[in-house]
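Presented below is the structure to which this report refers.
Chain naming follows the written order as A, B, C and D, and within any one chain the residues start at number 1.
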Amino acid sequence: MQKQLISSPLVVSLKAATKKQLFLPIFALCLMLLINVLITPSFFKISIQNGVLYGYTIDIINRGSELIILAVGMTLVVASSGGADISVGAVSALAGAVCVRLLGASYDSYATPMLLAILAALVAGLACGSFNGFLVAKLKIQPMVATLILFTAGRGIAQLISAREINGNMVPGQILYVRMESFRRIGGFFPNVVIPTPVFIAVLFVLITYFVLTKTAIGLYIKTVGINRKAGRLVGINSVLVMFFCYTFCGVSSGLAGVIASSRIYSSDANNIGLYMELDAILSVALGGNSLGGGKFSLIGSVIGALTIQALSTSLYAVGVTADQIPVYKAIVVILIVAIQSEEFKRWWSLIRLHRQAKKAVAV
Amino acid sequence: MDDSVILTMKQINMTFPGVKALNNVDFSLKRGEIHALMGENGAGKSTLIKVLTGVHTMDSGEIYLQGQDTMVINHSPKEAQENGISTVYQEVNLCPNISVAENVFVGRQPLTRFRAVKWKEMNARAKKILQSVGLQDLDVTKPLGDYSVAIQQMVAIARAVDIQCKVLILDEPTSSLDEHEVEKLFSVMRKLKEKGVGIIFVTHFLEQVYEVCDCITVLRNGDLVGRYAISELPRVKLVAKMLGHDFNDLASLRNLDAKKLNNEESVILKAVGLGHAGTIHPFDLTISKGEVIGLTGLLGSGRSELARALYAADHPDKGALHFKGIHLKAKDPIDSMKAGMGFLPEDRKEESIISDLSVRENMVIALQAKTGIFKLLPLAKQNELALQFIKALNIKTPSPETLVKQLSGGNQQKVILGRWLITNPDFLILDEPTRGIDVGTKTEIQKLIIKLAQSGMTIMFISSEIDEMLRTVNRLCVLRDGLKAGELVNDNLDRHQVMAAIAGDQ
Amino acid sequence: MKATTYFKNKMSGNNFLLFVTISMFLLMYIGGILVYSSQGFGTMQTFLNMLIDNAGLIIAASGMTVVLITGGIDISIGSVVGLVCMMLAHSMENLGMSASLSIALVLLFGIAFGTLQGWLVAYLKLQPFIVTLAGMFFCRGLTAVISVEQIAITSNTTFLAMAHKNIKILFGATVNKRGIKLYPFVHPSVIIALVALVCVWYVCRYTKFGRSLFAVGGNEQSALLMGINVRKTKMLAYVLNGFLASLAGFVFCLNTTSGFVEQARGFEMEAIASAVIGGTLLSGGVGTVIGTFFGVLIKATIETYIRCNGTLSSWWNKIVLSALLCFFIVLQSVFATLKEKRK
Amino acid sequence: GASEVAATGSDLITVGYSQVGAESDWRTANTESFKSTFVEANGYKLIFDDAQQKQENQIKAIRNFIQQDVDYIVVAPVVETGWDTVLTEAKAAGIPVILSDRMMKLSDDSLYLAWVGGNFLKEGQDGVSWLNDYVKKAGRENEDLNIILLQGTIGSSAQVGRTQGITEGLAKNPRYKLLAKQTGEFTQAKGQEVMESMLKAYSDIDVVFAENDNMAFGAIDAIKAVGKVPGKDIIIISFDAVHEAFNKMIAGELNCAVECNPLHGPRVAEIIQILEAGGKVEKIMYVDEGVFDTSNAKEVLPTRKY
């Protein structure tokens, strides 16, 4: 045994392990895309129209950007605390509202410089995230319950922020519009760039997160805290801080998603930005092969999960399933994917195979 | 076949990913027999038991029970219980959230005619059963989690003993018990034996084997070494069979350079009136560099609490601690670690093992935390450290990337020990480090402790085994009811003197 | 002396949270009477309205509690309630089924759906959150498949009679501004809810199955090794919950006598919040339906505050509601930590 | 039962208003209209309740109004059905009920006194007749027009009424071809998403009907994204006529917005005054609604209250 261990190079086994976890999510995504091609032959067709890339696949990646960003944040939250942050959708709406309100509705200038407004939105997300983090990490309130507070309040605050002057008084609950073209570039295209900006942002965000997780020990800390908080404390990890970090990070990612979403519609729609996104984000994490019980996680898995979900929605739209009925198909596909990924299914599968082999052997 | 055989296992094979845990193992048990199952850590003892009780599915093999002509395969512990096999598993496997009484009776509560649980009767019966194993006035309505590991262990035993069975399996039940409780357990076992129950007993304490067992089966690396009557296998031979080679006896070991240490200038740690409300009364303690100090006392006397207070695992609310000449105001373990302490806690499952992480990650985590979050140890370095200590501690694992939860209990303990050695602390607290560790390794660990002390590390050693302590420590600190009751210098102590000091009737 | 130790024992562990919940409710309720007496807060009917309005929630939250105790979660119940309403409306209005047949049908559906989810969770070991999230999508979508239009129950007289039945309580009558004497009343749904609550309480407290729920929630591995059929227990928890969700749907439908796609959206969150306020832990192993019942009442009290205030806009409504929720949860956590410290 | 109303105690008339929520600008304008009408200065006390788009909350609110013993209950129902039980309770307590915005389907019409609201069906028809006029003016009468309909949330009365009005109106003209209808759930983002896929599926679209302004804004973006000019290449007609819609019309991106007037408060106050005076009221009362397009947007905008 000793020999075996020395002879098996670590790197190889590491790669094998990650491959194993990612194999099924990737497989599911590919299957999803394959079905799409069968239904819509032009699915993979990408053309350049009006100076930008155009096609179903581009739509999926573009529309999926916010989901990817949210899924990344959600992954860390789930890994460190074994619970989900259900406030991400509402926080996105809130951050979007902050950004739009600061930018103002003028046709020829911003009320606040754009970068500053975006920064403010991210700070708003960060504040919400740290509020959640404080409740979960410090006060030890169960994640879903703690985040339920902002889940309810977030849109209320967003509406409060979305105030506009009507006949002399500020009336909240309005949809505010940004009239400056340059703001739309965040959710659209930069001049002479063929790739949608959200895709850039999402890729950059994933890369930075990945970099942080692999170049510092935070990834290891998160896993440790997610698996055994007490043990983590005794080996010198401040679990409160780690969880706090994860929730705050998730808040920032919600803020970023909110900025993109509001830039797409260049307005602050407190009611609809990020609506039900928390569910999709949690689903992405699960479809990526991650356990919702916390502990080990794969960031890339979640990204693939997010793409799978977006591909699913886009293709259901493409087939012409009505919006109300989409959930039925979504449910079935999701259950199939997670069932195939489950340990138990693998066990059954191998049992069946063994059985067959045994039968064959008898027959021979 | 012999009429009195109640359990036969034949040609049992069991494979885990990367490990052949059992290889054609045979086992049989007679009526009224106490049968010791022996072997090193990772020999396959627990696996054999789990295969028998349906926790694991074996690859191949046959199991027969008396009174049933056909082969029996238990698909679940429930089925095993119904087939008359009652088990105490190695790690305490009870539910901390429900009451003690419920833990004893869950799944078999006394019911009224309308199938309603009779709470009063259940509590009363639980109380009686617990008394029979020596737990007087325990509040059986309190959640089990409120009690210490030892008590939980006794509750688990009480539960198993109470289940009407033909076969009783005890997988290292004594690892967290003190002598008094062990005695109680033995008397219960003897009673059951008289009733004709066959008992499988796993332990790493050789004396206990010779005290109660009739018969020994030895496993090594998943292979059956043999089955022996107790009389034909003296201690030395047993150890040799377990290890597969001869073995220099423990008695030869002794930490000899004890006295020369107690001079003031080499004091490394000094606690003045340190205490933590509710667990340990304020105490004074001075420890010199290179010393091995033992903590001794009865169950629940506060040994762990004292250690935890020193390490700031429970932030002490009274007194002061001077460590390496500075006033250490540690709020959290990390502060103590940075100052140069290490702490191997008592409850492996709850407080040490990070079950879903690999052996490597489990080993380097403490050093990583000490180094700081932004200075990730390079993978090569992590690997090097892990391999070094896997070798040094002789940890049985297919690879450093194996998940630590897949190791046997004893090997998990070694991983944790390795975790702290990697941080190279000045002062290392070991709370029951040898729990569940086989004789061979135990000696290794004791030797290691002495060696580390000689090389300048200061060690606090807590163990329920007095002999082990006497062999390794320079000084013994006696605790009673959360109070530091006195100190004994280990010049020529024997166990009787220590026992007397613990009991408090000098 | 004896009494205090008895009390101390009762207060230990998880009873403590229940105690906190009940006292909080009483405090809040009395506070409400003091502040909003002119808005009719103190009348008996206001209290009964809390029960009438939340009859469905009481049932669904009880079911949720059972699932939470096992360490699971079920976020599909809102959709199940919506679907059940739609099925009832569709079967009685469009298919002309009798009330009893449709009710039996939807209850059966609840059991079947609970079984399916339970099987996926317990036997296929899928994560409960994901399974029931898919269940939520599925039921909501199915509701839309049956009909995207609202269906009102107008022709089934048995059902309507049941829905409109007022069970009068013959004391505590009030006379309103218009000189009309109003007796306090409840709807049959309240009786159903309370009976269901007591049944679930009994099951949890006094049956083997009920006790196994706690063991499984406390530590699944240990429960398995102690000889509990973990998979069956978990599955049954979901079956029971599925049944209760459909019963809640039926009760809900008595209140609204119609089916439409958006009905009972977010109901699961209310159920979870009620259970948690009532001292149930999402991590499993701890909880009582009595606590959950008071959780529902606390939520109802908070809502009644907001209604009696009568000036809050939508946004302030949301913010105040969650601020109160936050206040409550934090207070609960502070109590729990204080107690932990004392130990 | 209105004559039973006795002026007792305080002389303020308490009105309980159960509002749907704050899901759109239209809705907040509607709320504002109530809040500014039923003020103490006018002799009212308003008890406002926001149902957060949930019928069950409205039912709870009505029960609460009965407990608070209000003089009038005004409900803007989330949905049309399912009100019998609670309105029976209100009737038993002798409190008159006035409906706003949406209608209720009730087994017994005596459960409410009056209804005030817009006429969705007529709005739909107005939209089509505007198109008829526009086509005539532009001289495109003999052209086949391909039309896309972006529907609101399916089942909502605005969607049902407008869809009916539009589809019936379009069916009258054989030159109009309704290519597809799909719901954009009344939101800008969904509207854009649906329009994008429509533009992929159909290369030649002439007219888009969006059942509210927000979806129209989304559609405008989707159209711009493929390089077409909204308002010129594709005619866009939307409903509600919120503030921003006027800006879009001024910019020429939106051709027409059919008004859906949210200012119901004064109308309801009128009814209450008549009832208080012991008079009779009509059961159904529509609010005035106009049609605006690029030609008059600029003049109208400053006069808009929402």
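Convention: contacts are C-beta pairs under 8 Å (C-beta built on N, C-alpha and C of every residue); 3 or more make two chains touch, one makes a residue touch a chain.
These numbers were taken from a predicted model, which means no experiment stands behind them.
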- Between A-C and B-C, the pair joined by more C-beta contacts: A-C
- Round to the nearest whole Å and give the separation of the Cα centres of subunit B and subunit C. 45
- Message: Measuring centre to centre with CA averages, how many angstrom lie between subunit A and subunit C?
- Response: 31
- Item | Inter-centroid spacing, subunit D versus subunit B (mean Cα positions, whole Å) | 72
- Query: Taking each chain's centre as the mean of its CA atoms, how far is subunit A from subunit D in angstrom?
  - Reply: 35
- Listed in rising order, subunit D residues that touch 2 or more other chains are 22, 28, 31, 154
- Task: Would you pick out the residues of subunit B that each touch at least 2 other chains?
- Result: none
- Task: Would you please write down the residue numbers of subunit A that are in contact with two or more other chains?
- Result: 159, 172-173, 322, 324
- Query: Which pairs of chains touch each other?
  - Reply: A-B, A-C, A-D, B-C, C-D
- Contact footprint of subunit B on subunit C as seen in their complex: 9, 12-14, 202, 205-208, 210-212, 214-215, 217-219, 221-229, 285-286, 342-343
- Partner subunit B, residues of subunit A touching it in the complex: 1-2, 4-6, 8, 10-11, 13-14, 17, 214-218, 220-221, 223-224, 227-228, 230-238, 295-296
- subunit C-touching residues of subunit A, taken from the complex the two chains share: 83-84, 135, 139-146, 148-153, 155-157, 159-160, 172-173, 279, 282-283, 286, 291-293, 322, 324-332, 334-335, 338-339, 342-345
- Contact residues on subunit D for subunit C in the complex? 4-6, 8-9, 16, 19, 21-22, 28, 31, 46-50, 52-56, 59-61, 63-64, 67-69, 71, 78-82, 84-86, 88-89, 92-95, 105, 107, 154-155, 160
- How about subunit C: which of its residues touch subunit D in the complex? 39-41, 43, 45-46, 49, 52-53, 144, 148-152, 154, 160, 163-164, 166, 176-180, 182, 187, 252, 254-258, 260-266, 303-304, 306-308, 310-315, 317-318
